[in-house]
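One chain, subunit A, appears in both complexes that follow, with subunit B as partner in the first and subunit C in the second.
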Partner chain A sequence: MSVTEEILAKESHKQARLSQLRRLVHPSTDEVFEVLSTVIACVVIAILVLMAAVLIRGSIPALSNFGVGFVTGFDWNTIIGQETYGVLPYILGTLVTSGIGIAIGIPVSLGIAIFLAEMAPNSIRAPLSQVIELLAAVPSVVYGFWALFVLRFWIISYVETPLSSSLGSVPLFHGSPLGLDIMMGGIILAIMIIPTISAVSKEVMMAVPSSQREAAYSIGATRWEVVRMGVLSYSRSGIFGAAILGLGRAVGETMAITMVIGNAIGPSAIPTSLFKTGQTMASLLANEFNEAEAGSLHLSALVGVALVLFVFALLINVFAQLMVWKVLKVKAGAVD
Partner chain B sequence: MRRFRDRLAYALGIFCVIIAIVPLASILIEVVRNGISSINLQFLTSTPQSGGGIAQAIQGTLLLIGLTCIIGVPLGLVAGIYLAEFGDNKFGKTIRFLNDVLTEFPSIVVGILVAFLLVVATRSFSPVAGAFALSIIMLPIITRTTEESIKLVPTSIRDAAMALGIRRWRATISIVLSTARAGVVTGILLSIARISGETAPLLLTILGTDFFFSGWNQPIDALPLRIFRDASLPSAVARQQAWGAALVLILIVLSLNLGVRFATRGRPSVTRSRI
Partner chain C sequence: MTAAPGAIVRRGGISTTIFIITIVVVAAVSGTVGYVIPGLLHPGASTYTLNGAGSTFVNPLLTAINTNYTKLNSNIQINYQAVGSGTGINFLGTRTVDFGASDAPLSNAQLVQVPNALTIPDTIGAVVIAYNIPINSTYSVHKGLYLNVTVAAKIFQGDITVWNDPAILALNQNNPNLPGVSLPGSQITVVHRSDSSGTTFVFSGYLNSTSVWRGGQSKTITKWATGSIGANGNQGVAAVLQGTSNTVGYVELNYALSTTPPISYSFLWNPTGNSFIAPTLSSTGLAATSLSTLPSGNGNWQSINLLNSNNPGAYPIVTFSYIMVYQELNVYGSAMTQARAQTLVNYLWFVVHDGQNQATPLSFVALPSNVVTNAETTIRSITYNGSTLHS
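Moving on, here comes the complex of A and B:
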């Protein structure tokens, strides 16, 4: 390489570096646009991080005061001087009501999803799906209001009274059937999560490649057998994800459940019977957060409850989204 | 036997659909039946004190929708554009994932976050705190629907714009986004429907009141909150008011939902059924 060429090469290298630098100082509008939109897209991350940070910081006084007892204790006393805060009854209340919710919600939603994805005649498929989706549009507070003044009386006369008179001696059914109890909470949750579970399972089932169905039909299977062998076995993990998504919704549901669960407090909120008033973490927050003084231990304990709920919701939702994503990605590949 | 099982499965499917439709039908029937007698001009234009109406709640809900859109729509649009245009990498995937997680997040926790940061710190309930909480609920919905509708725009349109020498950001905003307009607007309207029914975060941020808007650091009212407050009062008058408020709220929410579905019928759906 001659000296001149070397100098030229060095020079052009310098030029390139310079123009890189210049672009950093005077970026093109396109680059500004990309950076700006990236920053705004990060708002989602910021919100979740901020939430975790605020909830952890806010609950430190309560957590350091009660330690593990905060999660395992069941007394809840807000009187200054005798303050004790234990969250166990509300954790149990959340788990039991959500458990009832998905126990009723999953089979019904699966029935709907199978019917709409595989069996319904084409002419009613779309309108019926839309009607079911409208269930998701009804505001939570309207569900609660309706449950309080309409559904409650159906449940008392057709479900709780018969159960109570025939099985009243079983501890699970102790208490008087007033319709403001754990069972009522579970039932309203079931109704509210049906549109979520059924819509996502339907999506998952429709993502099953039609070769699966054709294979089953070709060996003479009936429609139900096609669903069972070709579709359900193929979409199992996605349906599982849909159910967990429904669970996530049930765990966080606040207004409707606050209106019908009876809002018990302390040891009496431990869900030992279906016909007992209860309390979930979400309903406790809705009931008490506004009453807590700024800087008080009470407020810190409530933020602690929110932290527990945050962890529950995060774990459930991350897990559910991963399951559903995995399945629907297969769909994209199959269509391409 | 096999044929019988097939029939049975079909019947069970119909049965499940009916189980889901009965609550919806009952809610609509009861709300209309009980609410219709409340609705008159006075009910819609007076406050509980001045004439037993819910005007302050309607005003509050409209104010909150407006404020929330000011914060939530631009952020959601830009985040959605980012995911559609530059989000084809690991980072974009992470954002998309967290966005889906946030969509399903309990709104009461969102309310606690905003209440703790704004209401407890300033010791005053305010419309702005309410709007911030609702924006956090609106943002992921708009982000998602914007991304999906932009992705439906054919590449040829983008290529044509680029071939004219327009810069990428210009092409994205004025050509791609305007082609995807229908889907984007659908997403915005559905997110408005969703936030107008939200109650839990409002309980902690705007509190609710019997009076019209009276300052940026004062509580305001909202329709869902009015229903909740009235429902917990043991008076027949309050209950009647709650039915009326429920009817107004259901009309707003369902007309947004049905309107959108009707307007976008036959087109590829950009909205995920989960919203």
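Moving on, here comes the complex of A and C:
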């Protein structure tokens, strides 16, 4: 090794050390960005873990008092000395109302999305999409007010009364149609999740490459067949994701449903008929949390309800993930 | 769209950096201005914000009192949050607020939670039984259906299910308020508060004064008649009553008197006076006037019961609403100062005196003089570091 080379090598070594030092003192934007986004991502996880921890800690008195009966019981008595808390009616209420909401909401939303993505001329598509996105942003208490003061009376006259008079003997339609019941709750949930589901589904459908449609047309498919084969099957997982997003909103919806579901409590809240008053976990929390005394078993039971709701939301998301993976596996290469 | 690595993609519009800097600057400036301006407006005087939380029932009255108080003392802001009585006491327990407001006296659990707290009555409330009985199948208002506690309890727990039940008819045989009205045989639907509330606590207390009632007394009752409807708040109950035929429910007096469209409510039996009493501000006030003794401010108020007053003219479903405050204000540590403590005491004094002038226009009941005297004694007993604040 010549002297010159030695000097050069030393020099480059020095340079490398220097740039290392410089990086420590003045980290590049990339590194700052990396650290920042990692921290923020960790915060999200930390919040989730903290939330679960607080809920579990708060619900221990109720859970240890009632054990499994807390989830399977259906009595709810807040009178000191006679306290019993069972969450089953509200779990069922949440399931049934969200189920009705999804059952009505998905077909309608798909109709809207297909119209917007496939049929509507551009001059209609843009403003209509705007309106639908606007509907998704309306606060839920406004939906609740509208449901209580306006929609309720339409549902009584045009849906519930005809159903009651023709099918009143079927247990599912027992009771008098007052418009403040499980059915009304499900309907308002459907109305509230339609904007979300249809807006997301529309985007997913618009993203389908036109080669898909052209291929379908080229083998002589009708318009419906094009939508079914070319668009719907291609965007299946995205639509599924949209539906889960809607279901998430339905399960957690509080204010609007509290205003129209009739807020039954205890055994009478078990949703045996569509025309019965009911209660969801979220509405129960909204109703009773404010007046629950600190340190009381009542408050612990309410935190327990929140825990059940939390677990529910997690399960829905996990289930949704599994479904999306499954759909993707079946239709490998169809999306992304 | 892809860009060569390292290339700067400009999306048009202002650059992100400038945007963020603008936001930060605007936030800093507005924050500083918001902090400084109140001081500029009242040179020399320190500004104080008193925080309170609790009862939604008393909220309209406290809001009016607070607005008035700030008008007279422009350096003092009262920040009252109507979060519910229970939460109000919870906040007081965690020293988050300077005073709590509750429709129910401190329970045994709460007495532990807020040790050495004082109870100061701030107004008197009443609960009325409201109903919607359609005549010729149209909504019509006809106040003054006669009821007593036994019949009311039976209706609300579903033992009486139709309007023309013999028990209801017997009370209303010669009712001058319902001339020529024949009560229909329609199924009665009970409407109750879904949110747990002081109103339900008071109302169930009234029903609980007859052995017929099975539901007990609580802020949440589960033994309502089957098929009953839970509605959120006074507004919710009134909306359901007005929109649904053959319903019966309960709302606060001030709400029943002032709601539009008007709502029908019943007159209740007072055994001492041997008559049915209409719920009015004066018949409500009478319930408190006849209290012979009141507990001291730091005593236990659970025994104080304005229900079924033995005053012959008193309406039977009446309750106090209270403000709770710590007797020794140094429990707040460094968050409390002598001047701040003084401000709080002055404010409380105002609430039970001049503040009561706001009551009648808002359909609340002004405190009778015997209650005001009790409140004065209580407020005088408030101390900061051991020394009293009101002379």
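Note that in this section the second predicted complex is superposed on the first by the 276 of 336 C-alpha atoms of A that agree within 3 Å, B and C clash if a C-alpha of one lies under 4 Å from a C-alpha of the other, contacts with A are read in each partner's own complex, and residues count from 1 in each chain.
The rule is simple: a residue touches a chain if its C-beta (ideal position, glycine included) is under 8 Å from a C-beta of that chain, and two chains touch if they have at least 3 such contacts.
In this text, all values refer to a predicted model and were calculated from it rather than measured experimentally.
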item: Three-chain arrangement built on subunit A, subunit B and subunit C clash or fit; value: clash
item: Touching partner for A:58 - first (subunit B), second (subunit C), both, neither; value: first
item: Subunit B versus subunit C as contact partner of A:148, first or second or both or neither; value: both
item: Which of subunit B and subunit C A:263 touches, first, second, both or neither; value: second
item: More subunit A residues in contact - subunit B or subunit C; value: B
item: Partner chain in contact with A:172 - subunit B first, subunit C second, else both or neither; value: neither
item: Single subunit B stretch clashing with subunit C - from 20-28, 74-82, 164-172 or 218-226; value: 218-226
item: Overlap of the subunit B and subunit C footprints on subunit A, listed as residue numbers; value: 148-149, 259, 286, 290, 294
item: For the subunit A and subunit C complex, residues of the former touching the latter; value: 75-79, 82, 148-149, 152-153, 175-176, 178-180, 258-259, 262-266, 268, 276-277, 279, 283, 286-288, 290-296
item: Subunit B residues touching subunit A - in the complex, by the definition given at the top; value: 2-3, 5-6, 8-10, 12-17, 19-21, 23-24, 26-27, 30-31, 75, 78-79, 81-83, 85-87, 92, 94-95, 97-102, 104-110, 112-113, 115-117, 120-121, 123, 136, 139-140, 143, 167-169, 172, 193-194, 196-200, 203-204, 207, 224-225, 227-228, 231-232, 239, 242, 246, 249-250, 253-254, 257-258, 261, 272-275
item: Contact set on subunit A toward subunit B in their complex; value: 28-30, 32-34, 36-38, 40-45, 47-48, 50-51, 54-55, 58, 107-112, 114-116, 119-120, 128-146, 148-151, 191, 194-196, 198-200, 202-203, 222-225, 227, 245, 248-249, 251-255, 259, 282, 285-286, 289-290, 294, 299, 302-303, 306, 309-310, 313-314, 317-318, 320-321, 325
item: Complex contacts: residues of subunit C adjacent to subunit A; value: 83-87, 89-90, 93, 107, 109-110, 113, 187, 189, 194-198, 216-220, 222, 224, 226-232, 236, 239-240, 243-244
